[in-house]
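What follows are several structures.
Note that chain A is present in both complexes that follow, paired respectively with chain B and with chain C.
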Partner chain A sequence: MKIHIPTPLRAYTGGEQTVGVPGATVGQALQELTTAFPELRQHLYTGEGKLRSFVNIYLNDDDIRYLPQKESTPVGESDELTVIPSIAGGCEDGAADALHAICNYFCPKGAKL
Partner chain B sequence: MLHLSHADYAALRAHGEETYPHECCGVLLGKASPDGNRVRQIVRAGNTRTDSAHNRYNIAPEELIRTQRQARTLGLDIVGFYHSHPDCPAQWSQTDYNEAHWLGCSYVITRVDQGKAAITNSFLLTGTGEEDKAFRDEPIEIELDSTES
Partner chain C sequence: MATATLPETELPTLTNEEISRYSRHLILPEVGMEGQQRLKAAKVLCVGTGGLGAPLALYLAAAGVGTLGLVDFDTVDASNLQRQIIHSTATVGKLKVDSAEIMLKGLNPHMKVVKHNTMLTSANALEILKGYDIVADGTDNFQTRYLVNDACVLLGIPNAYGSIYRFEGQASVFATEDGPCYRCLYPEPPPPGLVPSCAEGGVLGILPGLLGMIQATEVIKHILGIGDSLAGRLLLVDALAMSFRTLKLRKNPDCPVCGTHPTVTALIDYDQFCGIERPKSVGPLEVAQNKAVADSPVVDGIPQIGVQELKRRLDAKEDFYLLDVREPHEAKIVHIGAPLIPVGELARRVGELVAQKDRKIVVHCKSGGRSQKAALILKNAGFTDVENLSGGILAWADKIDPTLPKY
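== the complex of A and B ==
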């Protein structure tokens, strides 16, 4: 099956954006991927072997975290896995948010920080 | 150096004005080159953080996957992202840093003051992983479109 690699991780797949691997399940395919490209492992998994929270892996159009069989889900030759790190952010940090929450609770109506 | 056409530069700033007072977000498609990321197309994305859209953005992974497929079809890569900071500085925030995972990609931020795009800055996410990642100021080179030169 094919595994699509996002731009930042291609440094660890010899520049390949799509890698072909064998495997009967999602987990086996990912195992083959990290065996072929060992440096990828630390970018996909924590030291405890759990998928990093910001790494999303999709089997075709489905997040594997929400598949009933998760990494044990069977895959076929025509299936595709996509590794996609999350993208998010925003202009204020958590501390500022907390201050706003406190102000919303305690400050006079209409007051702003 | 981030290389961006004038049309794309104007479009991403206009996006921030349209969504004000909420943050806009989108994806930069292009190619990495020895002298920096070269943007060939920008793709608008939806901000899923409707609970706090004035100071947060998030692009749904499903939308990112569609955009990555689009990039492959065009022979391009995802080389960066953009978003707006409504009435906030055009500087990366701690939240931006915590949520940045696309090493080697450009993060473009536009300050939008009272609905009007102000400063636009770019930051290159450098490093080899979560442990040593860092934002580095990245100059933007705005290239005139052929019809404008």
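== the complex of A and C ==
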């Protein structure tokens, strides 16, 4: 099946916008994705292996959180997964960069949501 | 009362001059006289007059929205003009709310502009938002996104939402009576370290225009009570592929602010919620951040040096290794001759610096944020003497070599 990767995460897929992966369920497909691109893992999953709360995964047009079988939902070759990240930009110059920088100074190390 | 539900008899009348101005609306049956009167009665608040807020406010003014509130604490910078078309070369240096008012009043003198020259905070948000029919969120950071969302939910005001990143955008309408809110989609913000920044990422100038106009369209539809709102849907825009997709959004019954048993019933500390410390001063955040760094000689074990000190060491031909951790396309704009390893590749390419392991290393980037991160990576990799150039190449261009361009 195809997984659509949003711009902010393409840095971890070598620039790939769409990645084709095998897998019989949503969870397996995501597993294949993060095996192929290990750097993506920390952006999608917490240290405990749970999907991060600020990342939404859509199977076709539906949020997998609201599918009865969630990550165990079976998928076929023609299904598509889309990763929807939080983006905040309205893009003022520097403001986001500054916030980013400030965060790096003040955030507790290894802080996880 | 929202203008879409005001009885027709209570709507303001249009002057002959206004009838001429809005004739292309008046002959459109979905707008007509009554719709134009509803637009005139409407009060819309634009939070931010930046990339999204600029086109949004201009089109709402042109369309005849009677009262437009503007919230912004910033001043106009030349680098805003690549996309913030409500400002102009002549207003560089002016307050954004003043600059925006000049353009809006020039376009449509019939409208009322209410200026809020302040940073939206938990202390003032409810007071500022109260009385508006709809809010258009054109802000640029997660704290304000959550603040605007929660304030809208608490006050029962819909929020026409848009956000952008490089070539991609998202839009929706949150906090309608039965629809989901921003927290239903994103219960929590990402930890700051995982967020790619706009200034690192850049943005295609027309993209906020595209998204801001989608927000404006939703605002107008809401005022007129026509069409299918984006409430309950998330629009994904990819400008490179020129693809538009909508995904279903659901109201989360367990949402802490709009769910059946809300736990957030008043505005909270959004800086804390997002895990960041906001600069105290009102002014461009980047300036505030640089000052904060310069004030502390050592941050997380990394000594911070100023550009004057770097200049002195270069002139004295002291032995140290200067490293630039920006992106290659930034080095093409301006550089001070240092070898380049982008911060994102540093952990992987640290072996290239093995010969410098016990030498003094000074790391620089654009403004000092990424280089601090890079200095920590080097320190953790066993480098013994790593320093960060506070203020980065921008400070160098400001204080040492004014012939260099700033970007």
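Definition applied: the second predicted complex is superposed on the first by the 86 of 113 C-alpha atoms of A that agree within 3 Å, B and C clash if a C-alpha of one lies under 4 Å from a C-alpha of the other, contacts with A are read in each partner's own complex, and residues count from 1 in each chain.
Here, a contact is a pair of C-beta atoms (placed from the backbone, for glycine too) under 8 Å apart; a residue touches a chain by one contact, two chains touch by 3 or more.
None of the values given here were measured: they were computed from a predicted structure.
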{"item": "Partner chain(s) touched by A:77 [first = chain B, second = chain C, both, neither]", "value": "neither"}
{"item": "Touching partner for A:85 - first (chain B), second (chain C), both, neither", "value": "both"}
{"item": "Chain B versus chain C as contact partner of A:43, first or second or both or neither", "value": "both"}
{"item": "Chain B versus chain C as contact partner of A:66, first or second or both or neither", "value": "second"}
{"item": "Chain B versus chain C as contact partner of A:6, first or second or both or neither", "value": "both"}
{"item": "Residues of chain A touched, compared between chain B and chain C (which is higher)", "value": "C"}
{"item": "Partner chain(s) touched by A:53 [first = chain B, second = chain C, both, neither]", "value": "second"}
{"item": "Touching both chain C and chain B, counted on chain A across the two superposed complexes", "value": "6-8, 11, 17, 42-43, 52, 54, 56, 58, 61, 63, 82, 84-97"}
{"item": "Residue ranges of chain C in contact with chain A within the complex", "value": "48, 50-53, 74, 77, 79-80, 83, 138-142, 145, 162-168, 170, 185-201, 203, 208, 234, 236, 241, 245-250, 275-279, 284-286, 288-290, 292-293, 299-300, 344, 366-370, 372-373, 376"}
{"item": "Of all residues in chain B, those that touch chain A in their complex", "value": "23, 25, 32, 49, 52, 55-59, 61-62, 64-65, 68, 72, 77-79, 81, 83, 85-86, 88-89, 92-96, 99-105, 107, 129-130"}
{"item": "Residues of chain A that touch chain B when the two form their complex", "value": "4, 6-8, 11, 17-18, 42-43, 52, 54-56, 58, 61, 63, 82, 84-97"}
{"item": "Residues of chain A that touch chain C when the two form their complex", "value": "6-8, 11, 17, 42-43, 52-54, 56, 58, 61-63, 66, 82, 84-108, 111-113"}
